[in-house]
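Each of the next two complexes has chain A plus one other chain: chain B in the first, chain C in the second.
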Partner chain A sequence: MIIVDLLLALTIVLVAARCLYTSNLAESVVMFIVFGLLLSLVWVRLYAPDTALAEVAIGAGLAGALLLATLSQLHLTHAAKATAMARISLIIPVLLGGALGVSLLSLVQPAPGLSDLVMNNITQSGVEHPVTAVLLNYRAWDTALELAILMWAWAAQRALGPNLAWHGVRLQGLVLVYFSRLMVPLLALVAGYVLWQGAYAPGGAFQAGALLATAFILAFIVQQAQLGQANPAVIRRFIHHWAVKLLWLGGLLAFFVVGLAGLLLGYGFMGYAPAYAGALILAIEIAATFSIALILAALFTGEGRRYE
Partner chain B sequence: MFLIDIVALLMVVIGLVFFVAGTLGLLRFTDDLTRLHALTKADNLGLGFVLLGMTLLFFNLLVMLKLLLIWVLVIISAATVSHVIGQRAYKQLLHRSESQDDHR
Partner chain C sequence: MNEIAIYLITGSVLFCLGLWGVVMREHLLHKILGVNIMGSAAFMLFLAFAARAEPADAVPHALVLTGIVVAISAMALALALMKRVAKESEQHQATLEDSQ
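Coming up: the complex of A and B.
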C-alpha cells in the first residue's frame, strides 16, 4: 500500500503543478478537476470518507462545473505568460511545504488529539457519527459560518458584474431529456439518503446539498441544451424567486434560532438540550442542505438577463 | 475460498487491461469520435470487470446490488456524456469540412 500512497502523492503534486503553471486555461480547469478526484482518493486513504465525499462532490464536481461555465463565458483560451515575479513566487509554497514537513516530523508521538473527548461525549451529542457530532454540535459555530461564506461567495459573484447569458450549444435528440428525467429524481433521492445517513455514517448536509445542487444544475443544463436561446429559464427563475431565496438563508437562520434558544435555555450559545439534540441537528441539517443546494446552483446558473 | 480469490483477481486484472487499452486509445487515436469509442470500452467493460471482481471478493448481496447499481449508473452517464461530446465533435467536423470546401 505504501507504493500506492507514494504514487498518489507524486501524481497529485505533478497535477497541481500542471494546473497552476500551464497557460492553456481549459487544461488548467481539467487538471483542477483531476486534482480534486485524486485528493478525494487521498482522503479515502487517510480514513476520512466524509471529507472524501465532500471533496469529490464539491471540489471536483461542482467547482469544476463552475470553472467550465466561467471558461465558456471568457473570450480567451490562454492565460498571460507567467511573469518573472510569478516564477519567483513559486518559492513561497515550496518554503511553506518545507515548514509543514519539518513541523510534522517534530509532532508529539503519539499525538494526543481530541478523539477521546469526541467519543466520550457522543451519547449526549444527538448523533452516532463522530464527524457529524463535531460539525453540527461541538463545532456548530464553524459550520454556521461556512454557510455564511457561501452567501458571501454569491454576493461576490454578483458584485463582479452582471451574469451573462448562457452560451450553451443546442443539442438534437431527446437523450439528455430522458437522462435528466431519470437522474434528477434519483439525485434528489440519494441526497435525502446521504442526509439521513449522516446521523450514524459518513454523509450529511454538505454532501447532500452538493447532490441536490447537481440535480438543479443538470435540469438547468438540459433545459438550456434542448431549447437554446429561446429558453424561458424556468429553473433559474425558480432558484431566484423571492420565496425560494428565503430558503437560501434557511440554514443560517436555523443555526441562529437554535443557537439563541440554547442561550435562553441556559445551554450557552449554540448549545442544545441533550434530549432534543438529535431532532435539532436533523432540522438544521435539512435547512442547511436546501441552503447549500440552492446557493451552489444559483452560483452556476446566474441570474441571467430578464426574459419578461 | 481460495479459488474465488483467484477468479476475483483475474476479473480485476481483465478490467484493468480494458482501462489501460481505453486510456491508450484516448491518448493515441487521432480524432474525437474514435477517442470516444476507446473511452467507452474502459467505462463499460473495464469498470464492469473490476466491479465483478469486487462482488466476488465481498460476496454479500447488499454490496453486490450497490456495485451493480454503480455500474448501471456509470454506463448510463457515460453513454449520455458520449452522446453530447459526439454531437459537438460531429458539428465541429461538419464545420471544418465546410470551411475546407470554401477554400477549394
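Coming up: the complex of A and C.
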C-alpha cells in the first residue's frame, strides 16, 4: 500500500502545481476539482472517512460548481502566462516544503491525542460515532459558529450587489431533465440516509446538507435552462414562503434554543441532559442539514436574489 | 517511512505551493485557488497527525469537517469579490492591479 500512498502524494503535488501554474483558467478550475477528488482519497488513506465524504461533496463537487459558474461570468478566461522567473521559482516551494516536511518527521510516533477522552465519555454523548459526538456534543459551539459563518458569507456575498448576469448555456435536449428527475429524489434519499447513519457510522449533517444542496442546484440549473415544467410563479412563492425562510435559519436557531435550554436546566450553555442527548442531537442535525443545504445552494445560485 | 510521514511531507509541499500561487500569480482566481490549496494542506497535516492514534483521533476529524465548510464559504465570498473586481475594471482582467 505504500506505493499507492507515494503515487497519490506525487500526483496530488503535480496536480496542485499545474492548477496554479497554467494560464488557462478553465484548466486551473478542472485541476482544482481533480485536486479535491484526490484529496478525498488521501483522507480515506488517513482513516478519516467522514472528512472524505465531506471533501468529495463540498471540496470537489460544490466548489467545482461554484468555480465553473464563476468562470462562465468572466469575460476573459486566460491569465497572463507565468514568467520565466516564476517558472524557475516553482522549485523553491517544493524544496522548502520538502525541508519543512522532513523536519516534521520526528513527530511520527504513536500519540493518543484526545481519543481516550472522546471514547471514555461516548456513552454519555447520545451518539456512538466519535466524530458526530465531537461535532454535536463536545464541541457543539464550533459547529454552531460554523453555521453562523455560512450565514455571514452568504450575507456578505449578497451585500456585494447584484451578480453579473447568469451566463449559463441554455441547454437543449432532454438529458438534463431525465438526469435530474432520476438524481434529485435519489440525492434526497441518500441525504436522509447519510444523516441518519451519522449517529453510529461516518456521515452526518454536513455530508447530508451538501448532498441536498447538490439536489437544489441541479433543480436550479434545470429551471434556469427553461427545461423545467414547474410554473416559475409557484417556485417563487415556495422559495419566499416563511417556512422556507425559517428552515434557512433553522440550524442556528435550533443550536441556540437547545443551548439556552441547557443553560436554564443547569447543564451549562450547550450542555444536554445525557438521557435526551441522542434525540436533541438528531433534532439539531435535521435543522442544520436544511440550513447547510439551503445556504450552500444559495451561495451557488447567486446570493438568494429574486428568482427570475 | 509509513503513510503518515509521506502525507506530512506532501502537506508541507502543498502548503508552500499554495503560498507560491498566492504570491507569484497575478490573476485573483489563481490566488483564491492558492489559498484553498494552503487550507487543504493544513487539513492534511491535521489528519496525518490524527492518524498517529489507534483508532484515529476524532477531534481533528471534526475540526477538519468544520474547516471544509468554512473554506467553501470563504471561497464563495472570495469569488464574489473577484467577480466584482472584474466587473469594475476596464480590462475585465481580475488582477490586483485592476482593482486600484
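By our rule, the second predicted complex is superposed on the first by the 257 of 308 C-alpha atoms of A that agree within 3 Å, B and C clash if a C-alpha of one lies under 4 Å from a C-alpha of the other, contacts with A are read in each partner's own complex, and residues count from 1 in each chain.
Just so it is clear, contacts are C-beta pairs under 8 Å (C-beta built on N, C-alpha and C of every residue); 3 or more make two chains touch, one makes a residue touch a chain.
Just so it is clear, the structure is predicted and the values come from calculations on it, not from any experiment.
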_Clash-or-fit label for the pair chain B, chain C on chain A_ = fit
_One more residue to check, A:100. First (chain B), second (chain C), both or neither?_
second
*Put simply, what angle do chain B and chain C open at chain A, by C-alpha centres, to the nearest 10°?*
90
*Would you sort A:175 into first (chain B), second (chain C), both or neither based on which partner it touches?*
first
_Which of chain B and chain C A:189 touches, first, second, both or neither_ = neither
_Is A:108 touching anything from chain B or chain C once the two structures are fitted on A? First, second, both or neither._
second
*In the overlay, work out which of chain B or chain C sits against more residues of chain A.*
C
_Touched partner set for A:7, first chain B, second chain C, both or neither_ = neither
*How far apart, in Å, are the nearest Cα atoms of chain B and chain C after the overlay?*
24
*asked:* With the touch criterion stated at the top, can you tell me which chain A residues are shared between the chain B interface and the chain C interface?
replied: none
*asked:* Give the list of chain A residues in touch with chain B in this complex.
replied: 169, 171-173, 175-176, 179, 182-183, 186, 225
_Give the list of chain A residues in touch with chain C in this complex._
1-2, 5-6, 9, 12-13, 16-17, 19-20, 25, 28-29, 32, 35-36, 39, 42-43, 45-48, 50-51, 54-55, 58-59, 62-63, 66-67, 70, 73-76, 79-80, 82, 86, 89-90, 92-94, 96-98, 100-102, 104-105, 107-115, 118, 130-131, 133-135, 138-139, 142-143, 146, 149-150, 152-154, 156-157, 160-161, 163-164, 206, 292, 296, 299-300, 303
*In the complex, go through chain B and note every residue touching chain A.*
73, 76-77, 80, 83-84, 87-88, 91
*Can you check the complex and tell me which residues of chain C touch chain A?*
1-21, 24-27, 29-30, 33-34, 36-37, 40, 43-45, 47-66, 68-77, 79-84, 86-87, 91-95
